[in-house]
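After this come two complexes, each holding chain A, first together with chain B and then together with chain C.
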Partner chain A sequence: MALSSEQGNRFADLLKGHEDTVIASWTDEISRTVRGRLSRAELQRQTSELQKGFQTALSGGASDLNDDAAAELRAQLTELSNTRARQGFTANETAVSVFALKEAVFQVIKGGEDADTATLRDYIGFSAFVDRAALFTFDTYVRIREELIADQAEQLLELSTPVVKLWEGVVAVPLVGTLDSARAQVVMERLLQTLVDTGSPYAIIDITGVPAVDTQVAQHILKTVVAARLMGADCIISGIRPQIAQTIVALGIEFGDIATKASLADALRHVLRLTGTKRQER
Partner chain B sequence: MTTWDGAAAAERVAITSDQDVVRVRQLVRTLAVAVKLSLVDQTKIVTAASELARNTLVYGGGGNAEVSRVDNGRKPGIRIVFADEGPGIPDLDLALTDGYTTGGGMGLGLSGARRLVDEFEIDTEVGKGTTISVTKWCR
Partner chain C sequence: MERVPVLKIGDILLVSIQIDMEDQVALQLQEDLADKIVSTGCHGVIIDISALDIVDSFVGRTLATIASVSKVLDADTVVVGMRPAVAITLVELGLSLPGIRTALNVELGMKLLAQERERYELDLEDEDEESAVPTP
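Up next is the complex of A and B:
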């Protein structure tokens, strides 16, 4: 049942008239669900702001949460979802923060003398309005959490592919775990960027931590090597364990003239020998 | 939790995303360790499974893999059956040629997978789909 503007006005008046009582019991209700993770003063501040938001929306003639008069309230609810999601509260706990307003208002109505049929009918409309607000909060919470998770996954991706400067003129990237396309892309970009930043002529790609090298992984590595070459850098692939070497051969993958070494130490030795001879030639 | 105890123990994985390919790979590795394949053979069967699972996803438009422990009376082994209801492979000899690809790959997945396993059976029909069964026995 949608809220008429007269009903909305009556509730706006009720919220204003019983401001302190509503805020107090609303805050109580929320503190029960968040149990000490937010201070009472903090909750009190939030509920009194929300109470004003509801009041303004209703007195402005909002009969639905999508109405223009409720724009400010929607912004407040979004903000609530945002902070709750970042503070690690559940979707349930976040939605309850809004739902609890119904209980608080009901207490006020029940306490008054005028709990007649008309008031109860009004209350149903108001209740539906609050439900919409709580569901809006719920949806917003879910969307924000998804964004947070995607951000974190991206950060993890960055963290799990460190490119290190191993020696003067030598950078190395140790690959660990499954090298899917998304990670391979990150690895390639970071390696190429580090080559530019450090002006290194050599890069070592260490695959000791990669459990299986299939055609997809091999293709990603080969593309990285070719791109590095175009930038004037030479790549060495290290950490090829016996079982990986045999599998690569059976699969038919050829690394062509790319230098490959059993261990990272071997690869570094190889590079130092190359740079050493260059120096002597001079 | 998979136990792989009975000879008929089998597990089916739907292949509809990249994550599913990773899941097939992990399942195969777990079973390969359980039937005590050598480290080299573990790596070979995992790699073959990775290739075939990705083909099922990319060319077959998705499908499933059934991973099971098998026994021929003398030795245990592992069998994986990949099935899709995709376009099928019109020219199998061509598809099994090293370097042949219709998707910008290396063209080594199918032919390479055949070399990585002990038994390789393929059943494909244009417009119907493709089923590939691979087996690796303990030595």
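Up next is the complex of A and C:
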């Protein structure tokens, strides 16, 4: 049941008239759920701001949370979800912070003398409005958490694929973590670009940090090696642990004429020998 | 029709492709290059494709044919400067351009050709020595 503008005004007056009582009981409700993780003064500041926000929205004739009059309230609720999400509160605790207003207002109405059917109808409308507000914080909370996760995934991708220069003309990619298609693509692009930028004819792909090698991971590595060869650079695969070597054989993965070494040191020695013989020939 | 210029630098023919590689252009280049190898007597060909955004299967096959033709005329071919995006696309398409030697840039390509030539001449000397020994 939508809130009419007279009902809204009545509640705005009610919130204004019983400002201190509402804020106090609202703060009590919230502090019970957050259990000392936020100070009472902090909570009181937040609730009094929200109380003003509700008051302004209702007196501005907002019958729905999406109305223009409720724009400021929406901004406040977003801010609340934002801080709660980043402080590590659950979605439940965040939503309850808004739901608690209903309880606080009910206490005020119950204390008054004029508790008749009309008041009840008003209260239901107001309750629906608060429900919408709480659901809005819930949505915002989820969205912010998803943004956080997306940011972290992106940072992880950036962090986990460095291409380092080992020697003149030799670059290495130490792969750490599971190699899925998206990461394999990033690794391939970055390695090939580095080959062009540095003009290095040798690249070592070190898979010491890759927990498991299945056919798909092998496929990704092979593609990278073939692409590097097309561009005129040679790849060596290093850091193959005994367990991984057995898996590779068991799965029947063929590395063909691609050089594989047990350790990064072996791979570097191999490359230096290749470049060294060239120098002697010259 | 546009033509790709073939430049002679010392013992090497340098082909830098700066235009879109249409089928006719590729075939014309194949002919021009064969003529030029015979007329100059060069022993190395470098094809620079760093300006090419697209290398399709036809261009890939033409490059392989050029390499084979040059080999028959006693010249080694190196394709240089393939872009990462081109390499990735070729791999995704399953084209690994067998029979084509590659290098990252023109400089490394020239180095590679010089090594090849040196190795070839060393082999010749070895053969001379071997054939010299049994004759009294």
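In this section, the second predicted complex is superposed on the first by the 188 of 282 C-alpha atoms of A that agree within 3 Å, B and C clash if a C-alpha of one lies under 4 Å from a C-alpha of the other, contacts with A are read in each partner's own complex, and residues count from 1 in each chain.
The criterion applied here is as follows: a contact is a pair of C-beta atoms (placed from the backbone, for glycine too) under 8 Å apart; a residue touches a chain by one contact, two chains touch by 3 or more.
Since we're looking at a predicted model, the values are computed, not measured.
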First (chain B), second (chain C), both or neither touched by A:66: neither
First, second, both or neither for A:189, with chain B first and chain C second: second
First (chain B), second (chain C), both or neither touched by A:215: first
Partner chain in contact with A:152 - chain B first, chain C second, else both or neither: neither
Which superposed partner A:252 touches (first chain B, second chain C, both, neither): first
Chain C - residues contacting chain A, complex: 78-80, 82-84, 86-88, 90-92, 96-97, 101-105, 107-109, 115, 118-119
For the chain A and chain C complex, residues of the former touching the latter: 188-189, 192-193, 195-196, 199-201, 223, 226-233, 278, 281-282
Chain B residues within the chain A interface of the complex: 18, 22, 25, 29, 39-40, 42-44, 46-47, 50-51, 54, 98, 105-106, 108-109, 111-113, 115-116
Residues on chain A engaged by chain B in the complex (per definition of touch): 178, 180-181, 211-216, 218-219, 242-244, 246-247, 250-253
